[in-house]
Amino acid sequence: MRDFLIDTDTASDDAVAIVMALAAPDVRVLGLTTVAGNVALGQATRNALYTAEICGSDAPVFMGAGAPLIRTLRDAHWFHGADGLGDQGYPPPQRGPEQEHAVDAILRLSRENPGLTLVTLGPLTNIALALARDPKLAARIGRCVVMGGAPCCEGNVTPAAEYNIWVDPEAARAVFRSRLPIEMVGWHVSRGSSVLSDAEVAAIEALGTEKARFAVEANSRAREAYRVQTGEVGLSLADPTAMAVALDRSVGLTWSRHRVAIETQSELTRGMTVVDRLGVNSDPINADVWGAAAGESDGADVLWTFDAQKFKAMLRAALAA
Amino acid sequence: MRDFLIDTDTASDDAVAIVMALAAPDVRVLGLTTVAGNVALGQATRNALYTAEICGSDAPVFMGAGAPLIRTLRDAHWFHGADGLGDQGYPPPQRGPEQEHAVDAILRLSRENPGLTLVTLGPLTNIALALARDPKLAARIGRCVVMGGAPCCEGNVTPAAEYNIWVDPEAARAVFRSRLPIEMVGWHVSRGSSVLSDAEVAAIEALGTEKARFAVEANSRAREAYRVQTGEVGLSLADPTAMAVALDRSVGLTWSRHRVAIETQSELTRGMTVVDRLGVNSDPINADVWGAAAGESDGADVLWTFDAQKFKAMLRAALAA
Amino acid sequence: MRDFLIDTDTASDDAVAIVMALAAPDVRVLGLTTVAGNVALGQATRNALYTAEICGSDAPVFMGAGAPLIRTLRDAHWFHGADGLGDQGYPPPQRGPEQEHAVDAILRLSRENPGLTLVTLGPLTNIALALARDPKLAARIGRCVVMGGAPCCEGNVTPAAEYNIWVDPEAARAVFRSRLPIEMVGWHVSRGSSVLSDAEVAAIEALGTEKARFAVEANSRAREAYRVQTGEVGLSLADPTAMAVALDRSVGLTWSRHRVAIETQSELTRGMTVVDRLGVNSDPINADVWGAAAGESDGADVLWTFDAQKFKAMLRAALAA
Amino acid sequence: MRDFLIDTDTASDDAVAIVMALAAPDVRVLGLTTVAGNVALGQATRNALYTAEICGSDAPVFMGAGAPLIRTLRDAHWFHGADGLGDQGYPPPQRGPEQEHAVDAILRLSRENPGLTLVTLGPLTNIALALARDPKLAARIGRCVVMGGAPCCEGNVTPAAEYNIWVDPEAARAVFRSRLPIEMVGWHVSRGSSVLSDAEVAAIEALGTEKARFAVEANSRAREAYRVQTGEVGLSLADPTAMAVALDRSVGLTWSRHRVAIETQSELTRGMTVVDRLGVNSDPINADVWGAAAGESDGADVLWTFDAQKFKAMLRAALAA
């Protein structure tokens, strides 16, 4: 069994990613830690609990940070609906969250289960706080799969930035400066051929399971918002692409390792994931800048291309169960 | 009895401030929480323990953050000496720190002792982390006296910034955006007439106590560094000025309340405490900028002028005991 | 005779400053160059021409830059009135501006009259453009008196910045990085005791001259706007304080010479005049930052205190003539 | 005949681009305007004159800006050699530059030849200064082909920026905020299949003309520097790709029109060409940021893909003549 810990600002695509993890037979989900992001912390927590309930899982849910480190929260209601789950009127979850704070849970679970896989589906606030409490956390994490970033510089909030990084860029900077073994799954991975066509969505609905119905309904708002935003028709599921990578790294086809700095100083490029593809950080012109921004990190694995057909098969299998 | 909690990157002037608090008959020091700043975290912790030992105090010492939130630590060895205490060869302390992390201690002690006075003598990393864990912390603090900032725009690290704010500006921004009841004692307060002349230093040495000797010796390096930096001859003690205010607010003569934003986006003015003396944050030109930078805070009490004679009397009394 | 060249975004206080220069018996005003700032370029030019007309002067007026180097113009109608002269319904001027562009005029006049005194009363766009065309301009200017900046960090647009610098910070940065012999007269100089009380304004009106009437009327809006902005009652005349310094440097009481960097990278502190009072630019921590921001300049003379009574006497004398 | 005006910091690839323009039978080169960039202004001017001489052209050469608007010049000797032409020991040119300043020449030539094609091969300082002098310049330019930018976010100075934009980002911002009809040919266009293989270089040398020999020799340093920088073997010629587009727009295969903002506020992403591919500037979250950064411009044509074979044929034809 592999151990997963999932940090999530649970909205509609997070929910599908969580469903995938809970359906994986060889994965034990140690917990879900929630963070403010697409929706407020309380709503994210309710959504995480409800998603677990749909899956018949009693994975513990731990509440974390209610706001970015130093910025005002900008949520994404306009994309995911007021409740983050497409405003389908889902009932309140039957369980409540644990007493333990998400940051404590991350630290404890990483001690109890060294080598675990951390999957982050939201702003990186909780992870930054956990690293600030205990920098050795990085060494206890086997893999850290991050849904976030726009290494191709086509962002979903600004031209330069993806939401999860943009909304708490200081937290992202702390995480990318750490020694966490980051595998970065940017927003571009969920676009183009990764988008589920209307026919593919219909095929999922035809599975007839509660999980399939939930996955499609909860993302109805997001599906329309994505069409308006990008002009691409269909269902784009960012968090599930990262979860697919966490479940099976080979779904990521092209990877390369680079230092990644996070822009925190300009509003224009706030939250940009600046990927040093040509290794200029060793150039004296750039040494100061990178020393300040990218710290002591030895880099992150950046995913460029993706096996969309395999991803869709993984998704269908999880929703069919 | 008043309850004090002191957060400190214990170097030479912190040590004197701690001596003052421990000597105050009506003050109970609930604990010292340490943070990386002038010296590394381990050294700050040893210095805090040694200072308590000099005072015969068993106040618990809790270790906190070992680095700023997202920046590389820049210490101040050049000012305070390699050990932060003027390299006098002090022996290791006989006690060690507590197991509990400083952030947990701050949260717990504030619950157990609501209304306590928090005095910060170093970078604000621990306080920012505590607020991120529990924003309600702000409501449990009676007074928060901060040694930090340069409201007159004559800083000791750059022309715009004072060290404690400059070294972790993101932490400072989080603290100044919070609802903590901040009383800001900037670097200017410890200059000019607050500087102890050579004669005043000699008078302290003549007290003949261990604490007096310690206070002067531990600051020998800082005394010389201050002269080089400012051209002012004598002993300038920033942290003790803030502690004097914490012990007796009336030592602060002129106060005004303003929104204070912390500069985090420019290297030139990094860590500047931008004080809105004219209330321009209500001007539409500035609303966006202040909304982003100063958040929901209703401001801080900023100290402008100071009763240096009273301060020096308080200092002498503490060192004489 | 001394040669003056006056660069101005002619609004109500510029007008009074121009009147002072044109009334000075030992001063030859070589020209007025106009720039967009408090009002649009065309209005500034009409105002400059009208002011010269009031004074019976045929000093040539040259039109310059219609916008800041890279920013959108933010004018100050709210302070000076829609026409910049308090909306008194002044008639159009009888003369028009010269064909020659202000930047060419500045370069030519400085060649024809080396050692001239350049007085800047608006954004520094024209001067930056002239320096970009011919960096040797700096060596042909005898004195460069700049109304601008907030070295005490109490600005009139934001807490950190004065309007003339804030509105085109890149131009200001170019000017302060140049070798121009800058004498910086910040906004603070026109405050406090420099403000004309109601009685002093009445005394000016009682002079009964057209110039006195014009000076008071044209500033009626500004007088009220200043009261709202600062709470200080009376007539505050920033540009005339700089002109007084240009006419007689001894009206400036306390000066010191420092490197001055202009903040262009942060919105919060945009346009701040960062004055290196403690000489930290020689500190290695700051060398890079100052190298980038303050260039090769050897600094500016910064005025701290001012002889308000002498200023008011100079003003009265000019308006009485 | 089409009228071309070429602005250039003449180093080794500029020289080849100039050769191409001068060899085009239907193009009249109205002039070459020089700017500091890869080499200092004097060297760039000598190189432009020498290149014209090689081509038997008497096109006038006008000297422009000797430094970026507000930054210290950072040249590229390390890439192009100390003289910018591979240190081949070329003799001084026989002609000298014109008396007229480049900025005046740009303004005059655009008035005399409305609709001309402006090709920029260096930092945009001269163009920004010309626009500041006369914003109507934009309407008199038929096409403005810019070699500059890194819309794919893989820069040659930093991960985010290409040299021409990075070295004077404020000038670039002014140009991209203007209404110039920009066709942006980024650095990526000259990479990959556009790089001349060793065999293709040998074939050019085999042409046996002085121009062919000059083109290869002058770029010998750059060829090696490019290999070190990118790992790609061969001769990469950025400026000639832009000149090819200017000569025949159809060599650019895929274009799209977007607002482009230039990053001037962060060191990390300084000089980035932020391309709004998804049209987020109409989103209220981004309106303020884009209003400030991209001004009133209606955008630029951004080139994404390029007909490398056609380019190489154009290049060979020009060097063979």
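Structural remarks
We just call them A, B, C and D in the order they show up, numbering each chain from 1.
Heads up, the rule we're going with is that a residue touches a chain if its C-beta (ideal position, glycine included) is under 8 Å from a C-beta of that chain, and two chains touch if they have at least 3 such contacts.
A quick map from chain label to UniProt name: A, B, C, D = Purine nucleosidase.
In this text, all values refer to a predicted model and were calculated from it rather than measured experimentally.
Chains touching both subunit A and subunit D: B, C. Chain centres here are C-alpha means, and the one lying farthest from subunit A is C. Per-chain Cα centroids separate subunit B from subunit C by 41 Å. Centroids of subunit A and subunit C (each the mean of its C-alpha atoms) stand 53 Å apart. Residue positions 265-267, 292 of subunit A are each in touch with at least two other chains. Chain contact summary for the complex, subunit A toward subunit C: residues 265-267, 288. Interface residues of subunit B facing subunit C in the complex, by the touch rule stated above, are 74, 151-160, 229-230, 261, 263, 265-269, 272, 274-278, 280, 285-286, 289, 292-293. By the touch criterion stated above, subunit D contacts subunit C in their complex at residues 65-67, 69-72, 101, 103, 125, 128-129, 132-133, 135, 170, 173-174, 177, 264-266, 291-292, 295.
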